[in-house]
Structure formats: structure tokens, C-alpha cells
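Presented sequentially are two complexes of chain A, the first with chain B as partner and the second with chain C.
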Partner chain A sequence: MSAGVRGAGVVSSRLVAAISRVLPLVPATLMIVGFFLVPILWAVYASLTNQGLTGAAARNPVFVGLENYIYLFTDSRTWDALARTAIFVVFSVLGQNVIGFTIAYARQRASNLVQSLVTTVMIIAWVVPEVVAGYLWYSFLSAESGALNQFFGFFGIQRQEWLVTDPLAAVIIINVWRGCAFSLLIYGAALQDVSAEVLEAAEIDGAGTFRKIFGIILPIIRPVILINVVLTTLATLGVFGLIWVVTAGGPGTRSETLPIYMYTQAYDFGLIGYGSAIAVLLLSLGMIASLFYVRLFNIGDSRND
Partner chain B sequence: MNIITNSALTVVTSAVLASAIITPAQAADPLRVVYRASSYVTAVMEAAEAQFESNHPDVDVVLEPITASSRDYATKVALMNQSASTAADIIYEDGFSVTADAAAGYLENITTRVESWEDWDKFNSAAKQNGTSFIDGEVYSLPLGTDTQGIWYNKTVFAEAGLPTDWQPSTWAEITEAAKTIKSKLPDVTPLNIYVTKASGEASTMRGLLNLISGTPGSLAATFMDPADNKWVIGSQGFRDALTFLKEVYDDGYLVSNANLQDPNLANLIAEQMLPEGSVAMSIDGSWIWSRWTESGNAPWDGWTEEVGIAKIPTQNGEAPGYTSMSGGWTLAMSTHTPDKDLAFDFLTTAANKENSLTYAMLAGAIAVRDDLMTNTDYLTENPTAEFFSSLVQYTNFRPALEIYPQVSSLVQQTMEAVTVGGESVDDALSRYDSQLTRMAGRKNVKGAE
Partner chain C sequence: MTEGQLPGMSKSRARMAANIALTLVALAFVAPMLWVVLAAFDTRASLSLQLPANWSLGNFGAILNERTTIRPFVNSLLIATGTSALVVIIALFAGYPLSRYKLRYGTHYIYIIVFASALPVTAIMVPVYLMFIHIGMVDSLFGVILFRAASELPFAVWLMKGFMDAIPTDLEEAAWVEGASHFQSALYILVPLLAPGITTIFILSFIENWGNFMVPFMLLQSRDLYPMSVSLYSFFGEYGDAIYGQLAAFALLYTLPTMLVYFLIQKPLQKGGLRLGGAMKA
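Now for the complex of A and B:
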């Protein structure tokens, strides 16, 4: 009798323990399901319909199977946008990492005052909201009243229409400018972990600066480089506001990357279903990129062991 | 104990989260009116609000002006209309969106209501089309004003360039010729304004492109959309010629600077600053822009009646009937989500009554849509262009009010921008236009030019 009661007590207390262990996870799970999984599933579903922003397709969207995807992959505009996205991501990531590392490396050997000045200036660029940063650059580069042209005009140099001549290069430069601070912070921290003894030993062996960077520092901070490349790639893939404010994907479609293409189709052309298909494509690209990097990263880890 | 506290907290948190998700939004008690912000719409809406609230002291009218480009305005309103809790009760709606928004179920069918409204007979029938769905022929929106288009030019600049001040081109080439003369005689003056970019939104489609292609052989039916079978036309010569014309005037430097072309505020800049000061010689623009130059306008200009000339827009090579124009206009509709339909319709009729329609026509510079205003002497003396622009009604065309028109319009703007500021070839831009149009309308709703 008493054993039975004790048994039931154990069971119930285990149950309580199990519930109390699981329960704290519930809000987080709800959040992830509600704000992450459901929207993704909705986007995948919407991409299989002709859902519109207005017109009959807004009231009664029809299931159209893979039609959106067939259009997507047969339309040269998609491939153009993909190519531009690739250029945008590659050069932004390259620029941010190289410049971020260079400044971090140079900063390390500067005086304390210069160090904190550089860090402050860089962080300000990073903390400014992207819409504000975009607007500042727009007014800096725009043809009529742009500060850069006024500066050049002062020296009698012909005005340039920076945002028309090569809009893609312009948005890459702006994005690099804005993203450098992040890489600077990451590499700054990583460089502090490179022990002074190793560098000293290399110097005694006669290694120059160039050799020290490529032979010693970079291999040591390789895991950090990988993480930083992953983070900057994923952040760059999704850049929308900056490009939208500066060029809105134009002139024409000359700076139209995938996020801009997605927005244009969904909200300008009112093709929510088609826009969702582009969103799914963008999401897949992000996942492929991160899987690829994760794999690279794992290989790096196992070699370290 | 800790676990229990934690769990309790968790339960509370989850409950709060869940209730936040489940609790329905409160039904909107006040009558919410959404419109694209501008001084003249605000004036009309505020007048209507005062009149309406004196008749319905228990109802609070809330005006919600949206400051946005015409493209962003349409998108914002469409997004508001996604849910009953965010949809406004009364919607200021561009005529070309009525069919699409009616088909989407955003707008309430008011056919039976207008038929029993005594003033409805006073609205002229062409303008009524602007608020009628192309699909079912039912009325969804009350027209507030209409318009036609012409080429406005600064006579002082024309005189300086040695051009006649009673100028009237009869072909596109004569427009280019005048632009060439101005460019060579007055290098600081921008000869011509045509809206050609996404930034100018619907103005680019309607005032820029449709005013041209409606003047090519076969007009809009052969170049844009054929009302005989409701099919969109791709690969037409007229469309190609119009794009080529735009590319040429752009490449020859006859249009305003790229920065101005990319400015969403260009239309105001032209009407209120560049045309009056003579830095732009001519502009293909709507019949309403004179309203900015009156005493109560944004840019009063004393001598405008003497210093401004208006020419009809010629057909491509002077084909019959010789001239062309486009017409549109804004309307006022009520949402399907509005709880008290009688009340909402009462606001519509208040806003479109004779007094408010007159205010709208005067302040917005619109061509009045009520016949009882076209004989109103105040209106005719206040608007010296009324007679000229009303006479263009015989040449005018309406935009195809198919439900995907707003989407096609965005595509047209992108195509125009590509061949001008974007520097693309007409061939490349046209082939993208054709494939995107096919994508939007569906293959069965598109046909090649005959």
C-alpha cells in the first residue's frame, strides 16, 4: 500500500520534474515556431499560389504548383539579379574583411589615443541605422547638390553622376564602408589572442611584416575568419534598406539585387506569390551558404585537434 | 521551490503571449478616412468632415493623410486593406486602381446606393467610368474630378528661342525640333519635360508613355491593351517607337537631369518652379497644374495666363484625328470592412456634394465631373483652361481599367527608366517588358501585335 503510494509519488514527481524542465522552453519554442517557422512555411505555400496584393488574386489566390518557380528560373531578370547579388556579396564580404582586418592590425600598433579614436569613428558608422547611412551617402553622391561633386567642383573637376555611372559599385562601396566596423571589432579581438611570443619568435627567425601576417597571424585566427565571413555573407545577402534608399535598384534594374527584386515583384507589381518564390530562393541561398561555411569550419576544427 | 516559481513565471509568460495573439483588435469606432496628403485633398476632406460631423454629432471622423509617392500610397493602402482591423472606412483612390481593388474585395459595391442618390444624375457619364469596375460594370467609387493632358510651355522662353508663342506641333518630330532649337539657342534651359522614371510613378505611365502610344497607328488597342478581347499587346511598333522617341530625347539631353528625373517630387518641381522660372521650356503634363499658380496655390504666378501656352499633344506623324490625350482622375470609395455602410456612404456623398466638388475642382485644378459645375460661372472664370482642356475630351483615351493595370503600369515605368536613365537598348528593355507582362497577365491574356 505504502509502496504503491510511494511509487505513484515518484511517478508524479518525475512528471512534475519533466514538465518543469520542458516548460521553460515553451516560450522560446512558441517564439521560434510563431515568428520564424510559420512565416517560412507561409512563404513556401504562398510561392505555390498566385496570391496578389490587389485584384481577384488577392481575394481568392489559386494554387498554381511550380509555375512561379518555372517563371523565376526562365526569366533572365532573375539571373541578372542573381549575378548582381553574387557580385554585391563577394565584393562586400571581401572588402569588409580585408579592410576590417587591415585596420584592426594597424590599430594594434597605434597609440592608445589613436586606437580609441579609430574605434569610435568606425563604430559610429556601424551604429547609424542603414536608412540614415543610405540617405547620407545619397546626399553625398547625388549629382546636383552632392557634397562630393561640390568638393570636386571647387577644384574645377567635372561633376560625375556617381549613382548613374555605376550604381552597383556605389552600393558595394557604401556597404563596405558601413560593414567594416563589425569586422574590425571581430579581428581586433582575435588579434589580441595571438600570443606575443609566437610573433617574437617569428621576428627572430627573420620574418617580415608580410610574412608574419600570412604565415603566422592568419593561420592562427583562421576560425575567426571563417565565422566572420559567414556572418558578413549572411548579413550582406539580406541587405535591402541601404540599396533601396540609395538607388531603389535603379536606374532601370542596374543595381537590382535579389532582395530588391523580391520587394519590387511583391509590392510594386503586387505579385505576392511570385515575390514569395524569390524569398524562398533567397532563403535557400542563405542556407546553402551557411551549410557550406559550417562544413568548412568543421574541417578547420578537426585539423586543430 | 525555484522550479515551481520558474514554471509559474513561464505559465504567466506563455499566457500573456497567447492572449496577445488571440485577443482580436478592437473594432474602430471613429470613421477613418485615408488619403494621399496634399493641400487640396486635405481642404476637401476637412470641409467634408465638418459638414458630416454637424449632421452626425456622435460620430468622430478621423483624417489619416499618407505622405508618400503615388506608388507607395497604393501599396500602403493595399496592405492596410489586408485586415479589417487596419482597413480605413473611406479610401481616396486613383481611378485606375478601382477595378483591381474591387476585384480584391477591398471596395464596397455602391451601385444601388448611388442609384437612389439624387445627385448621381448630375455626374457626367465619362467620369462615372472612373469609379466603375471594368469586370462587373458595378459602381465602387465616386469620381471627384477628371483631367486631360497637354503640352504646357513657357512663352517667354519660346520667344527668346525664336519660336512662335502660339506653338502647336502636329507630329512628334516637331516637338523634337522645338527642343533642338531651344537647346541650341538657350543652352541653360532644359527644353522638355516628360516623366520617364519609376520615381514619378503613374505620371510616367500615363503622362509619359500612354500620351505617346495613344497617338500611334491603332492607338492603345494596337499598342497596349485591346478592349475587343481584353488581351495585352506585346511587340507592337507603336510601343517600340514611343520608347525610341523617349530614348532619343533623353540621349540628346533634352530632358531634365538624372537627379531630377529620379526625384519623386519632380511633378511639383516642374509645375511650381521650373516651368514658371523658365528653366524648363515645355512639359507634357496634366490639365490641373495651373491651380498651383493661382493666389491660393502653392506657387502664385501673377502673369501666368499671359506667359503660359498650352498645345495639344500631336499624334506620331499627324495621323487622324491629329491629337491625343489621356484621362484619369481620383475617386472616393468605402471599404468592405466598414461596419456601418449607410454612415460611410453618407460621408461619400458629403465629400462629393456640389460645394465640395467645386472646392476640389478649383483647388486641384481638376476638370469638374458634375454637370452642374461645368455651367458654374465661378468655376469657369477661376479656371481659364477649363474650356481648352474640356475640348480635348474628344481626343482622349482612358487607361485600360483591367485589374492588373496597376502592375502593368509599374512595369511600364521600369521599362521607360531602363531605356533612358538606365542606358539600356530599346530591344533589351522591350524583351524584358514582354516576358514580364506575360508573367503578370498569363500567356492566354497576351497577344502579339497584328
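Now for the complex of A and C:
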């Protein structure tokens, strides 16, 4: 056997070894490429056509260039939906993180019974399927005799259709109600990692609750806060079912966020091309947030431990 | 939470304040849930919160038939277990090389996975629907399972890698010395040690899929294929306010499995909170 042939054998067996090492990654990679990358590219392509759901525009979509985008960014409905999405995300994220942290903090001082009571109740709100959550709140907020009006009735507050009074605030509150448990669990774990000695030392030095929280705890758990804020932002950006079930974006368009806008254009009006342009806009926002998210992880370092 | 601000306030009074405040919070969180529990047992339920005049199982009797409840239940079960099983198996395979080998592009791969795991799935529903029309997978439970699995995979692979990283390689190395292949050592040594991680991923995925509304809502058309989420929505849309009691009974039955599954993992969640499988590194 000549040296050259032996060399080729080494190379090919190395290649076989290399391939067999990455072979287990193939199914996951195919799934992610097939159901993430391809649809993303497809959305970009479809957004440049007049693709419809039915009729000629469904069978033979025509390339229309940036027409959908021009229409998208000159339509005030888009800007309204964008503004509502921003309000929905900001207040949901703020509410979930502030309430989640506050309860995680207060929980440490409560008795075991109250601790598990509040945690269990919040987790139930979290795991209740979103359609069920929608109907729970639909009845809770309903005009004639919903529980909230019954309760407020005791204090002489006039009955009203809360989903008409302020539909956007209503869906924000519902979303916060559902999402608090996640933040509670995240901050609960983070607080356990804050050393009790440091806090005791601060107490001896006369630090009050306010100073302890803002001077010590929050700076220590800052990385967790950042990750949780980005994570809840991304989760909130995609909320569709909850709003769809409770208000369907209405009354009118008063609680229409980008996902709802996208759905009604693409499915109800059959404007797939235009719906795809909205999808690309939503996706771009998601990608920006997701890049922040990735940057918060030291993935490269984790290989060295 | 004013305990620190009032000098001389005793620990027990701080505890009392925390107990009262948190009990009120718990009540506020529970308030919207009460209606469904009461209305389910009241055949004359309305949207208002009221004790049933006659407690009855009539609502359950009315909906416990093949078309209204049983078939959607089976569909939900198929979607949730099918997706979770698929996610766990594919994540096991993918997690192995990412955790056990030093791959040249391993870090890049994980960056991409983390990036993908955070993208809002809502944003790709329209093109996915188009794609499914082209490949003839619209209105198929298998299509829903495949897409649900794909949308959860990035997070699951990343979690699985984290769980695997936490398990030392000593035992597997010993097995390799004895002549075991990587596949054998993974199957007989690593997988059993991973059981808690696998269970976590399975249950998280199950709860997520049992509750998911958007994907089956957009990808399914036949009523026979609807899972409970979509069924509940269309059921309510069709019959409206005439049958709030039945709606509540259905919602209760639909929620029950998630509660049961949750109580399986309640202990570790309540005690330790959520550390994202130890994979979170910041």
C-alpha cells in the first residue's frame, strides 16, 4: 500500500467520524430550517407579491415590489397597531416583572402556608389554557353582571362594559395576570442566590427595605432582570390567542395589536401578501429583541467549565 | 412590605404584614377564576358570579358526548403527547453532540438556537400556512404536531444541552474503555441519568401544547380535528350566551389535565423556582 492511498484512507475515515459526530444534529436542524428559515424567507417573498387566499391572486400571485410595504407604512392603522403593540408590551412586561419581583420578595417574609397559597394561585393562572383564561376574564369583566361590576357595585362604582371602557388596558391586565407566575419563579430563584449575610450586614448598618432592594438586591440580580425582561418582551410580542378570544382586536380596532392586524388582513380579508408584510414587520421587531437576548448569554464561555 | 422602614417593628409583625398583603394578592388572582367553577355546576348560569340555586352535573352530562368533548379531548391529547415526545427525542439526539463533542461550529449553532427560540412564532404563521397549503399539510393533526415540535425545538435543544452538561462524563468514559459505542453509552448511561431533565422538557412542552390555540386555529379546518382549545372557541362562538354553564363545564374539563400535570412538578418549581434548567448563564 502506497503512502498516498493510506493518506486518503485516513482522511476519509476522519470524514466519516466527523459526519457521525454531527449526524444526531440533522433532525433538529432540518426541522428548524424547514419550519423557521423557509417560512421566514417565504414571508419576505410573499410580502413582495399580491398573494391572496382565494381566487386568481391565490393561484397566480404577481410580483408587486414594495407596494405592500408602501401601503403598510402609509396606513395609519399600521401605526396605531404598532403603538398599541408597544403599549401592550411595555405595560405587560413592566407589570409582570414588578409584581413578580415584589411578590417573590414579600413571599420570603410570609408564613409557609401563605407562601404556597400565593404561589399556587399564581401558577394556576399561568397554566390555565389561554382560551380558558380569555373566557374567565370575559365573564369577570362583563357589563351586566360580571364579578368585577358586582364587586365595584358595593362601592357605588357604576356598572360598565370594561372591554369597551378600555379594551387595551383590559387585555394588558389579563396578560399580566397570566404571566406573573413566570417572573415570580425566575425572581424567586434569583433571590435565593442573594447571600443572606450581605443582607444582614446591611441591616446592621441600618439599611431599610428600600435601600436593601435598590442598593443591594437589584444590582446583584441585574443579569436575571435583563434576561427576564427580554424574555417576557418576546413572549408578549407574540400574544395572539388571548386578545383574539377576549376582544378580537375590538371594539373596532381599539385593541388591535400587530399579530391581530396580521391575522385579520391575511385570513379574514385573504390578503396573504399584505399579511406577510405585517409578518415581516413583526418578525423584524422580534429579531431585534432576540438579538438582545442572545447577547445576554455568554455562550462561548459556558463550554469552558 | 414596610417592615424595614418602621424602626422597632418586630419580625412577627413584618410576617403578619406580608401574610395579609399576600393573601389579598392571592384573592385578587383567584377572583377571575371563581365564575368558571360555580357556573360549571349551574345549568342556569349566566355571566354573573352566583352560587347555583341547584348544584347539578347537568352541564357535564350535556357536553360529555363524542362530538362536543371526547373527540376534541383525544385530539388535544394526540397533539400534546405527540409533540412533546417528538421534541424530547429530537432534542436528545441534538443535545448529545452539542454537549459531548467539541464541535467546530458548536457555539455558533447554539447562538442560532437561542436566537430562534426567542422569535415570536406568531410572526411566521402566515407563511407557514402558505407553505402547508403547498405541501398539502393544512388540516392535518400530523402537520400541527410537526410545526408545534419545530417551534419548540430550539428551546428544548438548548435546555437539553444544559441538562447534559450538568452530568459528568466519567461513567460514559468508563463504558467506552469497556468497548461500548457512543450510542450505547448514551442510551444506557446518559439517558437514565437525564430522566429529571427529560421529564421537565416533556411536561413544559405538554402544558404549552395542551394550551396552544393559535397553531391549530390557523392550520386546521375540520371540526373533527379541533383540539379542545379551538373547540372551546368555536363552541362559544356558535351557541353564545345560551349555554354559559356548558361552556364553563367544558373549560373546567379542559383545564383539569394541565393542573394534574402541574402538580407533578409543583414541588421543585415552588421550592427552587425557575433557573431555566441551570442552562442560564449570565
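As a convention for this text, the second predicted complex is superposed on the first by the 273 of 305 C-alpha atoms of A that agree within 3 Å, B and C clash if a C-alpha of one lies under 4 Å from a C-alpha of the other, contacts with A are read in each partner's own complex, and residues count from 1 in each chain.
One rule holds for everything that comes next: a residue touches a chain if its C-beta (ideal position, glycine included) is under 8 Å from a C-beta of that chain, and two chains touch if they have at least 3 such contacts.
Here the structure is a predicted model, which means the values were calculated and not measured.
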If we overlay the two complexes on their shared chain A, which of chain B and chain C does A:Pro24 touch? Say first, second, both or neither. both
Let me test your reading of the model: by the given contact rule, A:Ile40 touches which partner, first (chain B), second (chain C), both or neither? second
Identify the partner contact of A:Val229: answer first if only chain B is touched, second if only chain C is, both if each is, neither if none is. neither
Considering only touches as defined above, state whether A:Thr54 meets chain B (first), chain C (second), both or neither. first
May I ask you to name which of chain B and chain C touches more residues of chain A? C
A:Asp268 in the overlay: touching chain B, chain C, both, or neither? Say first, second, both or neither. first
So, A:Ala170: does it touch chain B (first), chain C (second), both, or neither? neither
Using the superposition on chain A described above, determine whether A:Val89 touches chain B (first), chain C (second), both, or neither. neither
Once the structures are superposed on A, label A:Glu161 by its partner contacts, choosing first (chain B), second (chain C), both or neither. first
If you stack the two complexes on chain A, which partner ends up touching A:Gly252: first (chain B), second (chain C), both, or neither? first
Touching both chain B and chain C, residues of chain A: 24, 27, 31, 34, 142, 144-145, 267
Residues of chain B that touch chain A when the two form their complex: 3-4, 6-7, 10-11, 13-14, 17, 21, 71, 75, 78-79, 97, 100-101, 103-106, 197-199, 257-260, 262, 403-404, 406-407, 410-411, 414, 417-424, 429, 432, 435-436, 439-440
List the residues on chain A that touch chain B in their complex, please. 17, 19-20, 23-24, 26-27, 30-31, 34, 52-59, 71, 75-77, 142-145, 161, 163-164, 248, 250-254, 264, 267-271, 274
Within the complex, chain C is touched by chain A residues 21-22, 24-25, 27-29, 31-32, 34-36, 38-40, 42-43, 46, 51, 102-107, 109-111, 114-125, 127-132, 135-140, 142, 144-148, 150-151, 177, 180, 182, 184-190, 192, 203, 207-210, 212, 223-224, 226-227, 230-231, 234, 237-241, 244-245, 259, 262-263, 266-267, 272, 275-276, 279, 282-283, 286-287, 289-291, 293-294, 296-303, 305
Which of the residues in chain C end up touching chain A in this complex? 1-5, 14-15, 17-19, 21-23, 25-26, 29-36, 39, 46-49, 90-91, 93-94, 96-98, 101-103, 106-107, 109-111, 113-116, 118-131, 146-147, 149-151, 153-154, 157, 165, 207, 210-214, 217-218, 228-229, 232-233, 236, 244, 247, 251, 254-255, 258-259, 262, 266, 269-270, 272-276, 280-282
